[in-house]
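One chain, chain A, appears in both complexes that follow, with chain B as partner in the first and chain C in the second.
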Partner chain A sequence: MDITLRDIRKTFGHTDVLRGINLTFRSGTVTVLLGPSGSGKTTLLNIVAGLVPATGGHVLFGGQDVTALPVEARHIGYVFQSHALFPHLTAAGNVEFPLRVRGVGRGERRQRARDALAIVEMAHLAERDVSTLSGGQRQRVAIARALVANPDVLLLDEPLSALDPQLRDRIREELRALLEPLPVPVVLVTHDQHDAFVLADQVVLLHGGEVAQLGTPQDLYLRPANETVARFLGIASYLADDEGNRRLVRPEDLELAADDGPCDVVLRIERVQFLGDRQRVTGSTPDGDAPIIVDVSKAARVAAGELARFRIRRNGRTMPVAAQASHLVGPGY
Partner chain B sequence: MARTPHPIRKGIVLSAWALIEPIVVWSAPLLLVAPLVFLFVGAFTRSWDSRGLAGFSISGIVESFEIVRESIVFSWALALATAVITTAIAVPLAYACKSRDNRLGRLLTEMAVLPVVLPPLLLAMGLMLAYPVLQAGWIILLIAHVAQTLPFAMWPIVAALSVLDVATLDTAGRTLGASPLQRLMLVVLPNVWRSAATGAATSFVLSFSETGSSLFLGSAHYRPIGVVLVDTFLNLDQRLAAGATVLFTVCLLPALLLLELLLGFGGKRATSRTRPEPAALLTQSPILEPGGSR
Partner chain C sequence: MTLTRGAAVMLLLFLVAAVLVPAAQVLRTSLTDAEGSFTIAYYAQVLADPYFRSSLIGTMVFCAATSVAATLLALPAGWRIGRGGRGAVYLRAFCQANYAFGGIAYGMLVVTLIGNVGLVPLAEHALFGTEWTKGVAYTVPGLVIAYFGFQIPRAALLLAQAIEKLDPRLLDAARTLGASPVQKTLLVVLPLLRGALTSTVLSTFLISLASFGVALLVSRKLTIYAVAIYKEFMAFSEFGSAAAMAVILSVSAVLAAVAARRFAGRTDMAGL
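Right after this comes the complex of A and B.
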């Protein structure tokens, strides 16, 4: 069952939080709502859930208009940032809860809860008090609880934000493996581009209450619709070529040119930061345009104040954006 | 730069404090307990007049029991009804206040606290004026006691709900398809029953010992024990007044013990939740638990 949003608008006071959002979340697809704080992504998720009423527009679950339905009647699964597990219940008790409120018999709900916990590899901890579970384990229980009643859509609000960076990497992979085979639309909110890229089949980048770009992670990173999208998804520098096109350059798109080889651009290095696995060089073209940021190997000999010659990597993707004065130089500069 | 106190002067101060500390710490409880001890001794005395206490006898207790017997039964029933009704109102009211983190929720909380700042005599007068048809009956006493004890029943529940982040749990219940009644019964109540029981026990104790509004609203047929105690003291029969006090205290003891047990148990539970056992910490380790993840 696909979820369709038609011209969703939301106003808080005099502030337009969402301005006419049209989207479709397809079954078996993980859609990530990505955007900076205040972009309206959590509001949009809560409108899909029915937790926040839309000021205008329609929410359709498989063609049926559910805009006026309260959250209790929408048949959704929602995973909270804090997991919101019931502290007086065990892991199994939490997973049984949605079946219990629907009047499912004790035997059947125990079996279904066990099955759901087995899917998230938590069956062995079914009788554990949730307060004794770790963050990752609690998250899995929360997902099992959200899925046990076969919801029409699974919604996740910032599922990784409460985790520390090391755990986050691992849980992100586990979450991807859990969400991938689900036969329902999965909508996930995050402000972290790495989370979005790993977890998403399609990314919706929201900015200022509007869809700035919709596409695969590759689309957004390699072919951003505009500078706002490009800059939100990572460090983005721009070079202008002889035809007057501005070209997007990511830090990994440039490499140091050999001393006697051809080069595409010369930068005066302003700053070098050691990042452990690499060095980040900030420099500018000779006529002092906006800073260009380039990552070079940790062993490269670069120093502030020097001129350095770079080549655009053969597999480095650049894109024309707008006409500007040329800073790209031809081979053999 | 701060001056360092001379070692000898510091030693004198510490020694003096060591002497004064027990007096400071124990004087307040002793001041409270001493009259009660005195009344207990007086209750088991043969005579108590201007010459002082003399002899041992339980006749004071027996005589005062005859005086307060009916009041004890009535006060027990009144306090029990007060505790039940107050708790039945306090739980959903506290839930409504805390699940609405908005102006209405705060207004409800403030309204519920109003009886604390309103003197009981004023409340009694207001009730008499508002409901003259209920005068001299037990219902008006019950209303007064419920109104006065409601804040004390609500506070522990509100505190428990604040710790619980009930608004999020309530929303979680909604997303899982639970109706408001299901959320109250299956999510809120199991998490706050100890606090509700603490509030109920507090309501019972406060209602049982209430005199302020009962003096106004009590009648010949419905006289709470607090009113009888005041009568016996006003009649200057010190021995009977002491006996009535002993009986009053004995009647309150079960509720006080229950309150103590609930508070003690709740405290231990809270500690165990915030400070998990070392064994529990070990089992949470991702290294020791290959199937788990933190």
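Right after this comes the complex of A and C.
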């Protein structure tokens, strides 16, 4: 069952939070709503859930208009940022909850809760008080609880933001493995591009209450629709070529040129940061003012104040935006 | 530091002068006969007397029952005050004003409304020619209404404190999991408020036990124990018996509080 949003608008007071969103979330697809704070991504998720009413537009579940349906009648699974597990129930009690409210018998709901906890590898902690579980364990219980009643859509609000960085990397992989085989639309909100790239089949980048770009993670990173998208998805510098096209370069797109070899751009190095596995160089072209950021190997000899010669890697992208003064040098420099 | 220590000493002196000394004096009076000798005769007398015994039991049962009912009836008001919304500010102000009224004011309100010449009986007589509501204030239902008058607003404020602390995401979670409003209340809200409900019932019960003004004005069918103590002391000058009854009432209140705490168990997710 696909989820379709038609011209969704939301206004808080005099502020337009969402301005006519049209999207489709397909079954078996993980869609990540990505965007900075205030972009409207959580509001949009809550409108799909029914927790927040839309000011205008329609939400359709498989063609059925559910805009006026209360949240409890929409048959959704929702994983909250804080997990929102019921503290008076055990892990199994939490997972049984959606079955209990649907009138499923005790024996069947116990079995189904056990099965759901087994999928998230939490069956051995079924009778534990949820307050004694770690952040990652609580998240898995929350996912099992959201899935146990076979919802029509699974919604996740910043599911990784409460986790510490090391745990986050591991849980991100686990979450991907859990979400991948689900036969329902999965919609996940995050402000973290790494989460989006690892988890998403499709990314919706929201900015200022509008869809700035929709596409695969590769589309957004390699072919950003505009400078806002490019900058949100990582460090983005721009070089202009002889034809006046602006070329987007990521830090990994430039490499130091051999002393006697050709080069594409010369930078005056302004700052060098040691990042452990690499060095990040900030520099500018001799006639340019916009800083260019490049990652070089940790062993490369670079120092502030020097000129350095770089080549653009073969996978460098061209992003034709407004023409600017040329900073690219000819191949024979 | 000196100021804190000075304040502590003052507080201790006040506690000794205002509470411990009078309490010790009441205890001494209850255990001393006319000749000044130690005795437990007053306790034996009031505990053996069917009138006093039934008054004590009746008062405990009445206060417990009305406290439980008032706490449940106060839930919607407590919810509105705690969660906010239209009228929440006025509701809170009304409930807070309740503290200024005092029990005797509620007794007077009930008499004015449903006493022998209250507004309701007069209206009933004028409209229908009947007298069903005449003197209801002096019956047990009238006493219940009068007690509810001060119990419900206080219970609502106590519950509101706990409801303010309830995590709204838990309520949203219940809804996303398919719980109807009734299921959300029964399966999430009430269990989470269990500690607060117990505390509220207990506080209301203790306030009700000590409430004197309401019962003095409207209680005819049921002898509230505090009123019985008052009569022993003021009307009959039976100081020993009155003192023994006061001690028995205090001990009963403490025992009831301990029992309620044990009954509440360990769950106190949103306790006061």
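Everything below uses one rule, namely that the second predicted complex is superposed on the first by the 330 of 333 C-alpha atoms of A that agree within 3 Å, B and C clash if a C-alpha of one lies under 4 Å from a C-alpha of the other, contacts with A are read in each partner's own complex, and residues count from 1 in each chain.
Rule of thumb we're sticking to: contacts are C-beta pairs under 8 Å (C-beta built on N, C-alpha and C of every residue); 3 or more make two chains touch, one makes a residue touch a chain.
All values reported here derive from a predicted model rather than from experimental measurement.
Overlaying the two complexes via chain A brings chain B and chain C into a clash. By the touch criterion defined above, A:I171 lies against chain B but remains apart from chain C after alignment on the C-alpha atoms of chain A. When the shared chain is aligned, chain B and chain C each come close enough to touch A:R145.
Of the two partner chains placed by superposition, A:G209 touches none, neither chain B nor chain C. When the two complexes are overlaid on their common chain A, residue A:V71 makes contact with chain B and with chain C alike. Touch counts on chain A: comparing chain C and chain B, the chain ahead is B.
Looking at the shared chain after the overlay, A:Q137 reaches chain B, while chain C stays out of its contact range.
Using the contact criterion defined above for the overlaid structures, shared-chain residue A:L51 touches chain B and also reaches chain C. In the superposition on chain A, A:F86 contacts both chain B and chain C. Of the two partner chains placed by the overlay, only chain B lies in contact with A:E121; chain C stays clear of it. Overlap of the chain B and chain C contact sets on chain A: residues 49, 51, 70-72, 75-78, 80, 82, 84-88, 97-98, 100-102, 145-146, 149. Of all residues in chain B, only 164-165, 168-169, 171-179, 182, 186-187, 190-191, 273, 276, 280, 283-284, 286, 291-294 touch chain A in the complex they form. Those residues of chain A whose C-beta lies close enough to touch chain B in the complex are 49, 51, 70-73, 75-78, 80, 82, 84-89, 97-98, 100-102, 121, 124-125, 131-137, 140, 145-146, 149, 167, 170-171, 174.
For chain C in complex with chain A, the touching residues are 167, 169-170, 172-180, 183, 187-188, 191-192, 194, 267, 269. Contact residues of chain A toward chain C in the complex are 49, 51, 70-72, 75-78, 80, 82, 84-88, 97-98, 100-102, 145-146, 149, 155.
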